[in-house]
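In what follows, structures are represented as structure tokens.
There are two complexes below, and they share chain A, which is joined by chain B in the first and by chain C in the second.
Moving on, here comes the complex of A and B:
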């Protein structure tokens, strides 16, 4: 009984000053948050709605547009270039994402070992991540040069014929895959590495005591612990794969023979070469929708299988 | 036992780690090698080591193109964006973590939602906006949209949530205002998180490509990435000069990477783990 009565007083007392602080809190809160909210809202959120509006207009993005109804979406459905670009984007993503992940996991396990010089090894794996796409594109164009590139020298060394890589319509998309896997591998490794380092040491020791070999511990202890990270990576890499542009622009400019014209590259062409801003916006909206659906489905699936929260 | 045994003979792992590291850095090593080659050496098959150091490539890269002003432009944009993010994201992160204000939940969720929005859907209206306010072809067009980032706000908010409230309450009793608490009490604790945000923002703005590509036309206003890209189109045959320019364009990020690798790795990991 006393326990119920005693806290009553402080509660009432606490409520009074609290109410007075409230208005000040609203002012302070918005005062602190407003600059960032305005910047992000104006340049990150408003354009989404605006893009949607643009997709229903005929516009070259310089003069005011005119209402077009669903004409841009109708054009999209019948545009063979759009469907070719969509197909290439899917092929690219279907190669880029699993390749990056499958290579990154064993590398992360290796870099998680206590070996002398591990910091240097990690640095070597991470450094491509800070290399700009332009620099990467220039370097890989040289490495894959059909006449004097290093990769062709290696092929030549083992008696294989020289390849065209970025200049061969049949190989260019795969060359872009190789280049972007090199650039993104460090990212995937860091994510896996962070997950592996969260594996409690006791768990590893316990599995060792139970007679698990190093390989068994990996399969039964470390891999399950890294699984949530792979769910996040799958989403993140897929989102980036579907948005491929920079790596194409700096190496092949969509060629040769459109072999690397992926969706966003097609969008870029429509907006800044054909000046069909409305149609470009429609392509953008479709890409966004695909990304949105994929992310929601994957996050829901992920939540069911693990406690991991992507953000 | 197993762990001990592995630690005692690390040589087996080096056999895998060493070639792996070499493969990863080979492209960058070759970038440097070509940048010091003569033109003939860069077109030799099979490619080999340069016979000497052709510093001339660097001098040529700096004189044949406005590489100096491109580097300067990139520096201005990156530094301003880093400072903007540090200030604006700290303020907003603090507000979202600590101050109960009306609409804070909605505003924070809206900010988070922008993380999902692909840039190519943002860029067309962004270009119209930039044209409308006369920022076309200025560094302002590159700075304004990146002054604050959703990720930065999120990162700072997560940080403030981990700071014990008692720290601030003591200062509040002493009569300190929120801004003073933020600057004098919390700022010293925030250094690693601020460094993480600074490193990530710097690398992102320095290496940014698509937005400067469409927002900037004149060579004088280009950032180093866009400039280098146009340089590549014009000098496809002079690989050493192009590589020298590439090396110069990457020096700042490499320096930041080596000096602040710890923060860089943390910033990437915090994208995924939270």
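Moving on, here comes the complex of A and C:
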């Protein structure tokens, strides 16, 4: 009996200091986080709130604006350029995200092998990601130059017709897809690779003992284990796809014939070419909302389908 | 690829972050008071060097009025950066701006009205400046800057290619037909060689060459009261027809995507003729023998000037900056600058200075540009707030014709509807 009773007192006594420690922890924790909170608040939150306010004004961004009510949003509903841009953004994202993921998975599997010089191969795949979009854009513009580009020289060499790429209104958006998939592939590969390397060895051994071949254990063990990574990539790439801007700015400037004028590029045009700041802010808020909805839906869906997220 | 982190940050930073960013990046330049003059410019290489030399000469003679030159990262973003500096409350005293940016600056309280200064200060010699430069600096009859650069489009051609195909060099009286026929002879599509190059990115670079064509055919961009589009006319259709015939039928035109490769291709004898300004002459290789001529004509040989300006900002900016700007634009000092950079004179009186002969000897190609300025620059782009939108609409029309996606008449009609709507203030 005494053995059971004795710990009771110290436990009660211990509660007080522990709570004090917890408060102190909180203070220290917030202390550590404070610089980041301030920076994110200042450069992330304030502009978001400010652009929301701007979207209800008529403003050229420098002189004080006047209250516009919902006029900017009403204009948005009737602006054919906005709806065209929205359609292009969706087409772009619907191609960019799955293509990047489908191409990245087999490459990640290949890079998950134990062969000589694997570090070099892994680095090679990652290089496009750390290359600036400006450099990538200039190189792709030259490669895809209709008259003098290397790609057309190759097509010509094997007897195929030359293409317009960035200069053809029917092809430019797909050329941007190709360029950005190339640029983001390394990122997706690294995420998949990390997921594959996290698959516990005991699971692989167990599946081998149960008679799984290499292909079967990939489908039934490794792939389901990589599901959370796919979920993350899906969200992350979709966000970036819907925000496409820099790749367009350095290659086609939204052309030819507005064929690559996606939402954020349209926003840029309105804000910094036409100086209609309120309207541009309204576009920004809509893009924000769309991405928010996409992300919430995707996260919900992932949570339901991925069994291993808790790990 | 750059890593965008978090959505709205990128989308919204572009918009909202301008203020915060400038607050973070600014500093250094204090445009107000103290007599110190901060000048934002986009010059690089020998141009920056030449301006730097003049500024240090000014500084050693005027210790009480120091000038600080600040590179703006390139003039393409000058307007955006200047506007951002307004938001941060820390504008430069003087900034180099494209002429087409002035209508966006004129309405701002920070931008100084220099009308009184240029009118009252007789020594400045406002009327001595070329009309193209004066027009570019004037919005609604008020002067919002002084000309920093005056140029125009002329025909630059590769003599060796003309010799090779046996076509006589262009003359002052060349017609559109002569021009088109020469382009056909110069072009060898199977060999990736072209007669002419056209910047086809739909930007103002696309539009101003079309304006020259439109004016040559006797047309105009807007009605005389500036309230309606006037380019959907016989002249407009003829100009579009020429572009269609050359780019789509003859395929003798290299369509530049806006990355300005046309200069490199001209250097490697892939393009026979350019419509360009003196700024490109410095990029033409020494071993390329080229000639310069007026643009070909239809009704006239009209060309277009693309002047840039120095604008002045802030309440005390005018008093602080005026002595330096006046000195910088005086005939002798500017000719000195021109002699180092190949820029055209901006004043009539520069042509009668002894050093002008030296200038022509050093830059023989520039003689035609100077003559063209005096003879064929008769019209200017309208300095109105709607111009950027008008330019976008017209740029898309020209682009669709060059790419063979639309007939000239249809493209013009669509652009007219768009421009009329813009002017009506929808």
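Going forward, the second predicted complex is superposed on the first by the 270 of 311 C-alpha atoms of A that agree within 3 Å, B and C clash if a C-alpha of one lies under 4 Å from a C-alpha of the other, contacts with A are read in each partner's own complex, and residues count from 1 in each chain.
As a convention for this text, contacts are C-beta pairs under 8 Å (C-beta built on N, C-alpha and C of every residue); 3 or more make two chains touch, one makes a residue touch a chain.
Quick caveat, the model's predicted, so the values are computed rather than measured.
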item	value
Combined model on chain A: chain C and chain B, fit or clash	clash
First, second, both or neither for A:157, with chain B first and chain C second	first
First (chain B), second (chain C), both or neither touched by A:69	neither
Which superposed partner A:147 touches (first chain B, second chain C, both, neither)	both
Partner chain(s) touched by A:132 [first = chain B, second = chain C, both, neither]	both
First, second, both or neither for A:275, with chain B first and chain C second	second
Contacts of A:194 with chain B and chain C, given as first, second, both or neither	first
Partner chain in contact with A:214 - chain B first, chain C second, else both or neither	first
First (chain B), second (chain C), both or neither touched by A:47	both
Chain B versus chain C as contact partner of A:116, first or second or both or neither	first
Chain B versus chain C, judged by how many residues of chain A each one touches	B
Superposition clash, chain C against chain B - the stretch among 113-121, 257-265, 293-301 or 347-355 that is involved	257-265
Contact residues common to both interfaces of chain A (with chain B and with chain C)	42-44, 46-48, 50-51, 54, 61-62, 128-129, 131-133, 136, 138, 141-142, 147-148, 187, 239, 242-243, 245-246, 264, 267-268, 271-272, 277, 280-281, 284, 287-288, 291-292
Chain A residues touching chain C - in the complex, by the definition given at the top	42-44, 46-48, 50-51, 54, 60-63, 128-129, 131-133, 136, 138, 141-142, 145-148, 166-169, 180, 183-184, 187, 239-240, 242-243, 245-247, 252-258, 264, 267-269, 271-275, 277, 280-281, 284, 287-288, 291-292
Chain C residues within the chain A interface of the complex	1-4, 6-18, 20, 80, 83, 86-87, 104, 107-110, 192, 194, 200-203, 254-255, 257-259, 261, 265, 270, 388-389, 392, 396, 399-400, 403, 405
Parts of chain B lying in touch with chain A, wherever the complex brings them together	1-3, 6-7, 10, 13-14, 16-18, 20-22, 24-28, 30-31, 34, 42-47, 88-89, 91-92, 94-96, 99-104, 107, 110-129, 131, 144-145, 147-150, 152-154, 178, 203, 206-207, 209-210, 213-214, 225-226, 228-229, 232, 239, 242-243, 246, 249-250, 253-254, 256-258, 261, 264-265, 268-269, 271-274
Chain B contact footprint on chain A (complex, rising order)	22, 25-33, 35-37, 39-48, 50-51, 54, 61-62, 107, 110-111, 113-118, 120-143, 147-150, 152-153, 156-157, 182, 185-187, 190-191, 193-195, 198, 204-205, 208, 212-214, 217, 229, 232-233, 236, 239, 242-243, 245-246, 249-250, 264, 267-268, 271-272, 277, 280-281, 284-285, 287-288, 291-292, 295, 309-311
